[in-house]
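In structure tokens below, several structures.
Shared chain: subunit A. Partners: subunit B in the first complex, subunit C in the second.
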Partner chain A sequence: MNGAPVFTGVGVVAPTGVGTGAHWSAVLAGEGALAPVDRFDVSGYPVGVAGLVRGFDAGACLPGRLVVQTDHWTHMGLAAADLALDDAGADPAELSEFDLGVTTASSSGGTEFGQHEMERLWAQGPGHVTVYQSIAWFYAATTGQISIRHGMRGRCGVLAAEQAGGLDALAAARGDLRDGARLIVTGGTDASLCPYGLVAQITSGLLSPCADADRAYLPFDVRAGGYCPGEGGAMFVLEDPESARARGARAYGRLTGHGATFDPQPDPWPGPPAPSYAPSGEGLWRAVEIALDDAGLAPADIDVVFADASGVPAADRAECRVIRTVFGPRGVPVTAPKTMTGRLYAGGAPLDVASALLAIRDQVIPPTINVTEPADAGIDLVGAVPREARIRHALVLARGHGGFNSAAVLSA
Partner chain B sequence: MELTLADLRRIMRGCAGADESADLDGDIAQVPFADLGYDSLAVLETTSRIEKEYGVRIPDEVAADLDRPAALLEYVNGNLTGV
Partner chain C sequence: MSVAVTGIGVVAPGEPGVKPYWAMLTSGRTATRRITAFDPAGLRSQLAAECDFDAEREGLTDAEATRMDRSAQLAVVAMREAVRDSGLDVDGGDPYRTGVSIGCAVGATVGLEQQYVPLSDHGRDWLMRSATPAPHLYGYMVPSTIAAEVARAYGARGPVGLVSTGCTSGLDAVGHAMRQITGGAADVMIAGATDAPISPITMACFDAIKATSPDNDRPESASRPFDRDRRGFVMGEGAAVFVLERTDRARRRGAHVYAELAGYASRSNAYHMTGLKPDGREMAEAIRVAMDRARIGATDIGYVNAHGSGTKQNDRHETAAFKRALGPHAYDVPVSSIKSMIGHSLGAIGSLELAACALTIEHGVVPPTANLHTRDPECDLDYVPRTARECDVDVVLSVGSGFGGFQSAVVMTAPGWRR
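Right, the complex of A and B next:
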């Protein structure tokens, strides 16, 4: 491959909207999408609000036989992939099947589907568990279903690194293109807003119990106290630049840099939210350095940082320390549009990448909402109003629970 | 008690779903499941339902050879234990 791979298609299924246009309009308008979980009775669960995808009808955009055999998380992934391929004007049937691949990120797999099957197992017996459980639960199900649906038979895979996986999936897709593939569908979605999924997340102790959507998820704020979960994400068509040019595809931008590190944890690990949890941020710093070096850029070349925005105070402090160290005090605009959606796990970083590409296209930094009392004056945090700016290079940060740190550079 | 083609259509639609790419309404008795758009998992899901509804055991190795509706109907109806 000559040069950096290009994003030629973007597909979004997120709490902010189904479709890239709907998502971006909502983001620029600062429309928060956090709301009480209304899928089941959550009274008694220590959770407040979450980022729910509204107006998504799997039956309307996917074949009936596909809908029954896989989870809501895969439904959204399939729909986002369809949107991305359509946006790219790419028809996989017209390309050689082994030149095409799929690499997505997943953090929890087919949680809701699996929960229903476990209910049947215990209430009725093993003979009542659907055979589709065998293909619906595992992390690679979305990759597999996209691959089968579109006949993309080159290298396929999945990255599981919690919220950081979404950036690592893009890097893996870039690797596939370097190895000779022409077009990869990549990105990620996640969905765990069901009883089983929420209970699993509650055990981390990081979910905000606040029921007020305007106060529940306040990363970088003096009042920060955890985060809100969300579902959905984004999928992309990532192509070899010459291949894209040859078919006249429009490019949103390029993936020019990536870095990933892992923080070794002491044993026993106090972990968040223990008071002794005080990450240094060194792992994230190293990931940023690797990504910038990979892109051949200096910190001064970066025009905006899309923050990981944990909402856990100690992790927020570590991220601020990294940003100040690399860019200097108030050295770069920082934003967290995920304040409107919550943290989408494997869909989170891809959604940030989608927003970053649109920021590059429209030369505007999307807002961060509800953070009215910033804790660190050394960070230039974009407020609740979009900020017009010249954007050539954007840095996206993502940290995954357990010690994953990833950074990616997107360029015009 | 007998498994009819109409019963089979109902069960297939109910457990494996249906859509515009597969027309189950026609004369499908001799059409291979694969051509109807129902893969091996869909057939396993279908036989699992039939086992529960009709009390006929359909081992996986037998199911693998029942490649079309007519074959499945013949096997099930030939093994009903008149209850």
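Right, the complex of A and C next:
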């Protein structure tokens, strides 16, 4: 591969909408999708607001046997991959099968499917565990099913780095293209909004206990008190630029830089008692420097930053410090459209990448909603209204629980 | 640019450590037994190859032993042995140039299930409203915690990730690490894999598809890859971790180089999540590309470490793949499966097998396929039955095959070997 790989297809399945059009119009309108969880009774938990994907019917877009054999997380991953391939106008059958790969991020696998099967095992006995548990629960289920569904016989990959994994998967896809692949389906989704998934997330101590959907997730705000979880994510078609040009594909943008680092957490980590998530920011700063260097860009070239936006005050402060250090006080517009969806774990950074590509396409920065009292005056946080701007290069930041930092540069 | 293996750490079934591991593999002894981790009564397969692992004896602190799932404990202990072995000066290098790549198929299933049972009142409460304290549960739900624990225990600040591609994870994590080094993202990678799947839920899910052996009355000889009378794989657990670094850097600091990682490739069959086509086409393609990247020919290969899980479809599939990729040399080269001795530890096994490959090059001994008495008539290669074989080996091929249809191959050479 010569040059940076190009994004030729985007598929979104997110709380803000199914399909890029629905997602982007909701985001530009500042329509928050956080809401009380109504999928099961959450009255017993110290949390209740989340970003659920509404209007997604797996049975309407996937064969019935696939729906039965896979978890909700894989349903959304398969649907997003279908949308991305369709958007790219790419028919895998027309390309050489070994040149097509799949690399996704997973943060927690088939949580709800796994809970059902553990229930069968412990309440009824080992003979009641279904034959699909072995292929639905594990973290590679989505990648494997996408490969099978589209006849993609190149390298398949799965990376886990909690919320940072979504960017690392894109970088791994770029590595495969450099190694000779032509087209990779990449990105990530997550779905852990079942009782087991939510109970586990609560133990991190990082979720917001606030029951008011408009006040529960306020990153960078003086009132910040944790985050809301969400589900869904985005998948992309990432291609060798020459190969994309040869088939006349439209390009949303290019993946020009990536950097990943790790911040070892102080002892004891994690918990008890949670939370102890207090990154210094040094690792994130280094990840940004590495990504900019990789892209051959200077800080002044970056036109917008899509923030990780933890919502945990100490982590917000660290991110603000990094952005101020690299770009100077109010040196770059910063936005957090995830204020509309919550944090989607493996799907979170891919959804930000989707929004960044659409921002580059439409030359408009999406809004950050509900944040009305910014804690750091040195950050030029885009408010509740989209901002028109010249956007050639966007920086997307993502941090994963435990110390993962990742940064990606997307360019027009 | 080639990548050197300068440190090896192993926690395998039996006694932890590289020395006991190699002694077991070359003696042809097996570590498969009736499960002791929990009472397996009621399961179809009640067998496993278990690590005799004591967290305190292996130097983990109370906090580490309490916080970490078994999969992370095994990985951290293996990492520490590898780092000691490599002579790497942890404080001397740039921590941002040292990364971690750990493979794991099923994550913290032991921890997840142990927490699930009281929280759900033994599966009776779907909403899991019990007030049972579960401070580490989120860390168990996200498997990236395993890689984070290794990175934290070492002090790595470079690119860190968990690679989770089912049963090829142990090869793919090393392949990922090779690329981090050759692509310039890191100078040193702590790379390997771990899995601790001997828990009721994992055993039950392989029971359901009848993939594991029901030979409960003869545990020590239940794993019989390539044998006519094989009856499925035997679950295993363990971890193997390597210190990988740029070969020129390793030479400059005078490190002992066990072997060089010369080529890696992976392909997928896009056919079935668990089924394999008998022709071995995609595994053969992975082998072909890995050989190509390593700039070797089939006849250079002196030993093939097989996936050899002991299921009929696997053994025939990969025998066909070897013939397709290596041509007539497939009949001449020794091929063996150490799963006959240490079982199949899912995501970990690929790295445990690479450790065996590096030790094969180091010591000039090919480990055998234990329990192989009568070959499957469709498996007609030289599987090194029951007894280790002394022979100088310069180039090794190791393959893996897993759920999702993934097929991976790694070529490893003796240090400095050039065709």
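The rule is simple: the second predicted complex is superposed on the first by the 402 of 412 C-alpha atoms of A that agree within 3 Å, B and C clash if a C-alpha of one lies under 4 Å from a C-alpha of the other, contacts with A are read in each partner's own complex, and residues count from 1 in each chain.
To be clear about the criterion, a residue touches a chain if its C-beta (ideal position, glycine included) is under 8 Å from a C-beta of that chain, and two chains touch if they have at least 3 such contacts.
Bear in mind that the values here come from a model prediction, so they are computed numbers and not experimental data.
Novice: Once subunit A from each complex is brought into register, does subunit C clash with subunit B or fit beside it?
Specialist: fit
Novice: Applying the document's definition of touch, where does A:130 land relative to subunit B and subunit C: first, second, both, or neither?
Specialist: Both partners, subunit B and subunit C.
Novice: Figure out whether A:64 sits in contact with subunit B (first) or subunit C (second), or with both, or with neither.
Specialist: It touches subunit B, and subunit C stays clear.
Novice: Considering only the touch criterion stated at the top, classify A:380 as touching first (subunit B), second (subunit C), both, or neither.
Specialist: neither
Novice: In the overlay, answer first, second, both or neither for which of subunit B and subunit C A:240 touches.
Specialist: Touch status of A:240: no partner.
Novice: Given the superposition on chain A, what is the angle at the CA centre of subunit A with arms to the CA centres of subunit B and subunit C, as a multiple of 10 degrees?
Specialist: Computed angle, apex subunit A: 60 degrees.
Novice: Compare subunit B and subunit C by how many residues of subunit A each one touches, and report the one with more.
Specialist: Between subunit B and subunit C, C touches the greater number of residues in subunit A.
Novice: Should A:138 be classified as contacting the first partner (subunit B), the second (subunit C), both, or neither?
Specialist: In the superposition, A:138 touches subunit C alone.
Novice: Examine A:197 and indicate which partner it touches, taking first as subunit B and second as subunit C; both and neither are also allowed.
Specialist: second
Novice: After the two structures are laid over each other on chain A, how near do the C-alpha atoms of subunit B and subunit C get, in Å?
Specialist: 5
Novice: Where on subunit A do subunit B and subunit C both make contact?
Specialist: In the superposed arrangement, which is not itself an observed complex, subunit A uses residues 69, 127, 130-131, 134-135 for both subunit B and subunit C.
Novice: Residue numbers of subunit A touching subunit B in their complex, please.
Specialist: Interface residues on the subunit A side: 63-69, 127-128, 130-132, 134-135.
Novice: Could you pull out which subunit B residues touch subunit A in their complex?
Specialist: Answer in residue numbers: 15-22, 37-38, 41-42, 44-45, 48, 51-52.
Novice: Over in the complex, which subunit A residues touch subunit C? Could you list them?
Specialist: Residues 40-41, 44-45, 69, 97-98, 101-102, 106-109, 111, 114-115, 117-127, 129-131, 133-135, 137-141, 143-145, 147-148, 150-162, 165, 168, 172, 175, 178-179, 192, 195-197, 199-204, 260-265, 267-274, 283, 286, 345, 400-404.
Novice: Quick check on the complex: what are the subunit C residues that touch subunit A?
Specialist: 42-44, 63, 67, 96, 99-100, 105-107, 112-113, 116-117, 119-120, 122-124, 126-129, 133-145, 147-148, 151-152, 155-166, 172, 176, 179, 183, 185, 200-201, 203-209, 211, 265-274, 282, 285, 402-406
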